[in-house]
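Some structures to go through are shown next.
One chain, subunit A, links the two complexes that follow: it is found with subunit B in the first and with subunit C in the second.
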Partner chain A sequence: MSVWLHKQRNLLDFTLSSLSRRRGKTLGMMAVYTAIVFVLASVMLFAHAIRQEAAVVLAKSPEVLVQRMVAGRHDLIPARHLDAIKAIRGVQSAEGRLWGYLFDPAAVANYTLMVPTNPRIEPGMVVIGDGVVRVRSADPGDLMSFRAHDGTLVQFKVDKAIGRDSALVSADLFLVSEDDFRRLFGIPAGLFTDLAISVRNPREVAKIAEKIDAALPDTRIILRDEILRTYESVFDWREGMLLVLLAGSILAFAIFSWEKASGLSAEERREIGILKAVGWETGDVIRLKMQEGLVVSLSAFLIGYLLAYLHVFHFGAGLFEPVLKGWAVLYPKYRLTPFVDELQVATLFFFTVFPYTIATVVPIWRAAIVDPDTVMR
Partner chain B sequence: MRKSDPFLLLAAVLLALFGASFVDAAHEIGKAQASLDARAEMVERLGLTDLVLFTEARYTRHPSQADLHSAFQDHPFAMDHFPSGSLLPPPLLKRPRS
Partner chain C sequence: MLFQPAIIALLLASLVGTVMVTASVPFAVGVLRGWDTASGSENQLEMEKRTYLVSTLLVVVLVSELASLILFVFNADRMSSLFVGAMCAVGTLNINDWGFPTLYLKIVVFFAASAWLVLNHVDSRGFDYPLVRVKYGALIALAPLMAAAAGVQLAYFLGLRADVIASCCSTLFSGATQITTDKLAAIAPEASLVALSAALGGMMVLGRRALVTGRGAVAYAVLSLVTFAIAMEAVVAAISVYVYELPHHHCPFCILKGEYGHVGYALYLPLFTAAALGVGGGIAQSSARIGSLAEAAPRIMRRCVGWSMAGFGLFGAVTAWLIWRSHLILIEQSPVNSILSILPGGPP
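Here is the complex of A and B:
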């Protein structure tokens, strides 16, 4: 065992000397390799973490939502639909929700207005999300005024702000009382934005959705499961978009590394010839060159992955922010929980380290089986 | 000192940091559990349905609540004109609906 270890150690010494003779080339290769691993790992870590976070947080979203559709558009739903739904066996509770959007010209941003039922908000008061706090520099006790549907001013006093911790789901929230909401938009009593339903037995959700659909044909039903699947596809799509954008550079790197790994320079050929002439076995030469590939690719993988981990989970994925922000003024400031999928990391390792290492073997083997005298000439 | 000594030392440090990243992830998840629970509780209490990612249009703010036409509804022949529309797929509904 110690003889074997000693031999590997000598081989490694020789590999490093060989790499340091071509220092510029090796360092350039390492830098590009590391950058590619860094970008791929960042996309992968970010997409998985945010997908997981959405799944955990939205698992508590309403079980069934019922919207009314008029001429293909979402319309207000009358309270009498609640009675029809409550009459369906298996429905545990049904309540009307009031929510909508309010454009704030002062901040040039859209807020999501909601009327919470627990805890209720006092008329004239408002609870605001962290994004609203930032764009309006609003503190508890400050006043905010908005023009109602009839042109009159509706004034709100900031009761409190929702913490930054939950900004991913609450950054643009503007929670008001039912009276203020109806006054602001001129929505009469007896009309709601949509209905939230909870079902006694979760296995009956699809059946109950079918019954609601049959009883209220002018409605559209959204299940919690569909919300979760929508978010899964949102992040799959976005990961795909980023990878498509990166495809050009990945391809360029693949060509570059293949060229570098599989093509042998005259100098390398001569080196192999000399090694064979001084008595090296073909297997030793192949092992030496594989070790060169492994040193480069393994170092690039480890450095690239570690940088990606720091970038995504400790520096807020700053490089992706412009892509993710879109036109949102109220993009939430949040720190992702580091959900890491070990299988994904293993896949990344396999697809970044192995192809390069293997690509070095074929030309070496071809050069190593030729007569040393021919190679050295 | 042999040439391989600094390299082996560097490799050991990198491998240790690689392992430490998983330990850090597990530790951070444990630390974040209370705040994840609080977020989920807020989602349940307020009946929230979507993440606040893009607030510029209703179909980007609440993609799960939007119907398939909402990106094109602003006026006749309206095309989806927010760049984030290209970063969001249409909602995935089980049953084909409007």
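Here is the complex of A and C:
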């Protein structure tokens, strides 16, 4: 065992010294390799972090949402549906929700209006999200007015702003009281936007959804798990698309590494010739060259991944943000929670180290089979 | 579904691997036909040089094939959140008819590839390319296997459909996914655990004999595959039940999940490695008859068998630990329980 270790250590020593003898070439190779890993890792880390964020946000949302459908469109749902739902065994609570969107011409942006039930908002007051504070430069105590559905003016006094910690979900929030909401949009009492239902036992969710579907045929039932799954698919898809687009660069990288590995300098050829003349076998030379590749691969992978980590979690992933997260006027400013996933690292390893290794095998072999007498002459 | 990063990586690996192996088949045929170390013809010299290329390429490809089995299972487990009704890898693999065939073929490729790698390693120890014909004959057999695995895997990934966006109510109307492990699970846990301990004990005895006398490694190889099957059976029938502490949950995949501390990897990695190395030991021993390998082959055999025994031992130790720490009592009338109840503190 120790003999084996000793041999590997000597080989590694030799590898490192021969890499450092050709510093320019090695550094050039490393730079390109690191850049490739950096780009791919940034995409993957960002997509995963944002997926994680969505899952965290959705974890607190109600298990089941019920919306009324009229002619295939979402419509207001009458409060009497609540009684039918509450009668179903296993439903812990059901309540009507009021929410919608409001276009603010002054900010040229859409706000998300919601009526919170706990704690309630005083009529005439409003609690606004961080994004709204930014676009309207509103402070607590300021007045904001909007045209209601019938043209009359509805005035709100800013009560307070929501902190930036939850900006991902609250940036465009505009929380008002129930009376104000109904006045703004002309929604009569007894109608809600949709119904939120919480279920105590997660294994009963599907059955309860089935019962609601049977009892209220004019409704659409949305489960939290479905939303989660959809988000996951969408982000996976975006990430995959970007990776496929980047496949060209992986290919270019493979060609580059092939070129680099096959362009042996006269000195390198002589070095291999001398090694073979002093008794190295072809297999040993191949092992040496493969080990050089391994050293370059692992260092580039580590550096590239670290840089990508810094890029995504400390500098907001400026390079890929628009593609992966979409775009809006009131986009939240937030910092992603760092999250490294094992599967991701393994996948990235396959995407970079595997093509590199395959691409360099043939040039390495070409170098290793040279006859000592031809190169030393 | 094809746009999942891990799926792209798996497809990439299997495509490159299959292309490489298939591309070496003509060379392998050439070796089988015209290999002659005694000849100094240009053709022979060219082949001798080229065999280095082919074996280096194949080492890279086959090692990636071993890694891709782990990645495949890990990914299947991870993807379960994307499918309605899927709770772990079983659900994902059951999405279409190709899931389980892919897994089985990948396991077969795993063993074939590791056997080939041992063969290659043994061959590289001899100065006169002693096993070159066997090696390339095996390669020709390996090529269709890898192509089949790659094709089935592609069919599986192409057939993955999770039309969640299209139909929000799909949950309500899709049937439950089930796997037919009933037959395996029906075996009594007592019987499977007794069989497992007998098999592991037998392996230790055989392995010791192979280490001391240098003989019996072929029997060890055959029995390590049998033990592998018995161990997998025991995982389904008893070990997983102890992990979940639910008498009716027999899933061999859920133990890979984070909820159970990824403990499945601690079981499967030693088991797969042990079985593969056991087979390798048999291969090494049967090549010891060749003159140029008379010294190297037994050494490799001992190393393979030694590590294989360590793997089986680790598997047994992990199993014992899982049963010991479990709160479930599956076998009431067992001598172990009566001992445990006498001990101060009793069973945990």
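Structure notes:
Just so it is clear, the second predicted complex is superposed on the first by the 299 of 377 C-alpha atoms of A that agree within 3 Å, B and C clash if a C-alpha of one lies under 4 Å from a C-alpha of the other, contacts with A are read in each partner's own complex, and residues count from 1 in each chain.
Following the convention adopted for this analysis, a residue touches a chain if its C-beta (ideal position, glycine included) is under 8 Å from a C-beta of that chain, and two chains touch if they have at least 3 such contacts.
In this text the structure is predicted, and so the values were computed from the model without any measurement.
In the superposition on chain A, contact of A:V91 is made with neither subunit B nor subunit C. Contacts of A:M241 after superposition on the shared chain: both subunit B and subunit C are touched.
Once the two complexes are overlaid on the shared chain, A:Y309 sits against subunit B while remaining clear of subunit C. Of the two partner chains placed by the overlay, only subunit C lies in contact with A:L343; subunit B stays clear of it. When the two structures are aligned on the shared chain, A:I286 is found in touch with subunit C, with no touch to subunit B. In the superposition on chain A, A:R229 contacts both subunit B and subunit C. By the touch criterion defined above, A:I197 lies against neither subunit B nor subunit C after alignment on the C-alpha atoms of chain A. Look at A:R220: by the touch rule set out above, it reaches both subunit B and subunit C.
Set side by side, subunit B and subunit C differ in how many residues of subunit A they touch, and the one touching more is B.
Once the two complexes are laid over each other on the shared chain, residue contacts for A:M114 go to subunit B alone; subunit C is not touched. The residues of subunit A shared by its contacts with subunit B and with subunit C are 206, 209, 213, 220-223, 225-226, 229-230, 232-234, 237, 241, 342.
Subunit C makes touch with subunit A in their complex at residues 2-10, 12-13, 16, 20, 49, 52-53, 56-57, 60-61, 64, 67-68, 70-71, 74-75, 78, 81-84, 124, 162, 164-165, 168-172.
Chain contact summary for the complex, subunit A toward subunit C: residues 44, 206, 209-210, 213, 220-223, 225-226, 228-230, 232-234, 236-237, 239-241, 243-244, 282-283, 286, 290, 342-344, 346-347, 350-351, 354-355, 357-358, 361-362, 364-365, 368-369.
Subunit B contributes residues 2-4, 7-8, 10-11, 14-15, 17-18, 21-22, 24-25, 28-29, 32, 35-36, 38-56, 58, 60-65, 67, 69-70, 73, 82-84, 86-89, 91-95, 97-98 to its touches with subunit A in the complex. Residues 9, 12-13, 16-17, 20, 53-54, 56-62, 65, 67, 69, 72-74, 97, 101, 109-110, 112, 114, 116, 118, 129, 131, 162, 165-173, 175, 194, 196, 206, 209, 213, 220-223, 225-227, 229-234, 237-238, 241, 295, 298-299, 302-303, 305-306, 309, 313, 323-332, 337-340, 342 of subunit A are the ones that touch subunit B when the two sit in their complex.
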